[in-house]
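Dropping a structure here in structure tokens format, bear with me for questions.
A, B and C are the chain letters, set down in written order, and residue numbers restart from 1 in every chain.
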Amino acid sequence: MSTWPKNAWYAAAWDHEVGAGLLARTICDTPVVLYRTLAGEPVALHDACPHRLLPLSMGFREGDSVRCRYHGLKLGADGVAEEMPLRNASVNRKVCTRTYPLVDRHRLVWIWLGDADKADPALIPDLWPCSTDGWVFDGGYYRVACDYRLLIDNLMDLTHETWVHQTSIGQKEIVEHPLETVVEGDRVLVKRWMPEIDPPPFWRNALGKPGKVDRWQICEFVAPSNVIIDVGVAPVEDGATLEDHDTGARAFVIDCMTPETATSCHYFWGMSRHFGQDDRGLTGRLQAGQAGVFFEDVEVLEAQQRSIEANPHLKMTAYEIDSGGVKSRLIIQRMIRSEQAP
Amino acid sequence: MSTWPKNAWYAAAWDHEVGAGLLARTICDTPVVLYRTLAGEPVALHDACPHRLLPLSMGFREGDSVRCRYHGLKLGADGVAEEMPLRNASVNRKVCTRTYPLVDRHRLVWIWLGDADKADPALIPDLWPCSTDGWVFDGGYYRVACDYRLLIDNLMDLTHETWVHQTSIGQKEIVEHPLETVVEGDRVLVKRWMPEIDPPPFWRNALGKPGKVDRWQICEFVAPSNVIIDVGVAPVEDGATLEDHDTGARAFVIDCMTPETATSCHYFWGMSRHFGQDDRGLTGRLQAGQAGVFFEDVEVLEAQQRSIEANPHLKMTAYEIDSGGVKSRLIIQRMIRSEQAP
Amino acid sequence: MSTWPKNAWYAAAWDHEVGAGLLARTICDTPVVLYRTLAGEPVALHDACPHRLLPLSMGFREGDSVRCRYHGLKLGADGVAEEMPLRNASVNRKVCTRTYPLVDRHRLVWIWLGDADKADPALIPDLWPCSTDGWVFDGGYYRVACDYRLLIDNLMDLTHETWVHQTSIGQKEIVEHPLETVVEGDRVLVKRWMPEIDPPPFWRNALGKPGKVDRWQICEFVAPSNVIIDVGVAPVEDGATLEDHDTGARAFVIDCMTPETATSCHYFWGMSRHFGQDDRGLTGRLQAGQAGVFFEDVEVLEAQQRSIEANPHLKMTAYEIDSGGVKSRLIIQRMIRSEQAP
């Protein structure tokens, strides 16, 4: 049984990754080739020539079409044959490769691998901080050799920052403050409020001034495989609250965990900030800092995946801090089951 | 079910590869060790000591015998024990490793892995251009991580030269000319005639003079895993025809695709030419050129193999250009079936 | 079915390998983390956090406890939770990881992976030459990609020295002298006496004087996975015998072959000598010499394992020289069967 729903939008690539070239990527066990038409529309074709199955991503762009490197079968952006291997052969328009709906939104290109008639763009996760004026966004990409759900677990509880990210965003105050988990339909929220604490190095730098702060972490699961985290610190004198805290150094961490296979995923991560918007050097420094932080997670997650495989008789357990991940997985499970109902 | 017939001769090695040393090679899932007796006869033993299964290819040559590196069991070229691990122990001649018929012919050493009593050397594929006076032959070897039948498909239609070998032997005129497929018993022939065209770089150099040429490609499948291709160009004024074209720059491309496993093969390739016979520099240049051309095929074939495995729900389709490969595979299939008949 | 008994002591590490750090090792398919308490007691915990299964060996030492790197769950040396991920959460002492009995003895740390109530230290193999005054011991470690029983076979017959170790301890006289195999309960002894021969290079150096010697090899299997070999040479004039030979250059070779998986093992090897005890340079030279000798075995054993897997239709055969290994395997088989009896 699949570990992910098919009828859902998944982040396939950052928008700038898809262009004139042919980008090969396996998403939910499905090999696709991504590119843009001359008019800029993103295209996703199943990455196997219908003739002898050579990946189309090894082929040649010709206008908006792709020609297979092996025998020269030419397919349009609609996946339908436009030219057969022998030039004078009549074109059989039943020769085609499958196409997949693809939409540019929020700096990402989203793909729908399930029933095409259900691919409503209104269902694309609302990652507004990536694409809203006044917010400065930058991000990166890692391939991670773990079940995408381990990454959701990781992000739906930030207690791990204390230990995994000791030198940047972790601090002991995190484990000293309780968290609250709320489910609203297909959304799960995990909230933590840390009043009057010293900020850790990352946030001290971001804020740019000394003194006690209030710190918040509000993780939101957006089905089936995205997490948005409202994070930041504000000087105590600002009087911020868990409900109202658009002050100090505030940012949204954006995470899209797209399954590649059952034991690997594509991790699109980034940060959209509301502070120091005009400081381009800061953007670069934050990006480098995040890359380091997320790579610490990759190390842990890949070790965890290997350990799960090496210990088939052991089951993970869940405590209070894991309720965000547990409830997110229940939503995923419900989506999968509803697809399998008769 | 096996994807190859067992009762058939397979190219095991170039003749110069087999000598005083012990050459280990897996052929049709069978590990063998190859060497020559002092008298020059090629020998193939199953490459596992009957004692503790250490590969004999790790052992020591002693005269025409092989001594296992582990406990010193000594086996003759007939595979039968000549000395036991303890020197004074009486020799049990039932201790033996299997031998396989091996014949030197056409610059290759041929092995028969099936029923030894059916191993008639008259059945060895007639690769006469490798060993006929007046023809200059040179070749090479690649291990390719693909089903050997993908390589047969590749060679039984040269339409792919246009795209895979654009810079050497490919040209658009190939895809503009039809081909004809003929089956004669266990032979399959695919013929293409391209009259009055400009030769591509490789053939312009081979011919050594300017002007329009007639170009031909006649691919012949020689069961179960060999292809001979009659290729060349002749100045139009020579009046060559598809039937009679021993003029201009003519060569035979020799290809032996010996299965290693179900998803890998040994590829012995070469060219025998009828032009510039005394130009030894030309031999080296042709060899280097071929190595480059065939490596372009390796890249495509290995990607195709991976794509077939990644897309178990997709089947390759066949058009007119593929009829040579399709009919060759039918002959292979018939050979396999006849071995399994009761 | 397992290829090793569970209720037995296995060498897990050299004693000096286990200290303040966290040593990860898989033993009999079981991942464990090894360390010492501040008081010096060795500890073995199952190497997976009971929370999310991250290897504990990636975590942090805190006093005698280990804190998981992921969410900070803290476990004592008894494997029981001492602190939950949230600092104020009440500790559930049912949260724990399995511990395994561990005993320091004979320079090694021994682990018991089976029923803890049967872990009687009196059952630890008596490798007295590693830890007895007047004997100088040094050893090393290799991971070998083979079934541990192939290594037992290897050591329970030294005929292979002639061929595998030609340049150091091998000599043709070995294969010219018979061996005697004796079984005493769970012990197997293989004895070889080579009177009045020239010593091979290794032993000529050890003895430090010219002339004919008597040479002996007495291999003893100590269930389930250890071999002790009494080896040496004595000048003929000493009048040594197979029964009484504590003269000349005598040493015990110590070998512990601990299963890692069904096709790999940990190989702890060493030599304890009764000659040149004060020559520290000799200790280093012997250690280097042994490392070379044992690495020749590793090469052979790993090739043998691959060949066994590549030839599932072939069975190893056994001659007189193999009776030590055959009888050792019968004892292992009996131990496994007795564990499975109802």
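One rule holds for everything that comes next: a residue touches a chain if its C-beta (ideal position, glycine included) is under 8 Å from a C-beta of that chain, and two chains touch if they have at least 3 such contacts.
Every value quoted in this text rests on a predicted model; they were computed, and no experiment measured them.
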| item | value |
| --- | --- |
| C-alpha-based rotation, subunit A on subunit C, 0 to 180 degrees, nearest 5 | 120 |
| Same or different contact residues where subunit B meets its copy subunit A, judged by the half mark | different |
| Centroid spacing, where centroids are CA-atom means, of subunit A and subunit B in whole angstrom | 48 |
| Overlap residues in subunit C, where contacts from two or more other chains coincide | none |
| For the subunit B and subunit A complex, residues of the former touching the latter | 153, 157, 159-160, 162-164, 172, 175-176, 178, 300, 303-304, 307-308, 310-311, 314, 316-317, 319-322 |
| Residues of subunit C touching subunit A in the complex | 26, 31, 47-48, 50-55, 58, 60, 67-72, 84-89, 95 |
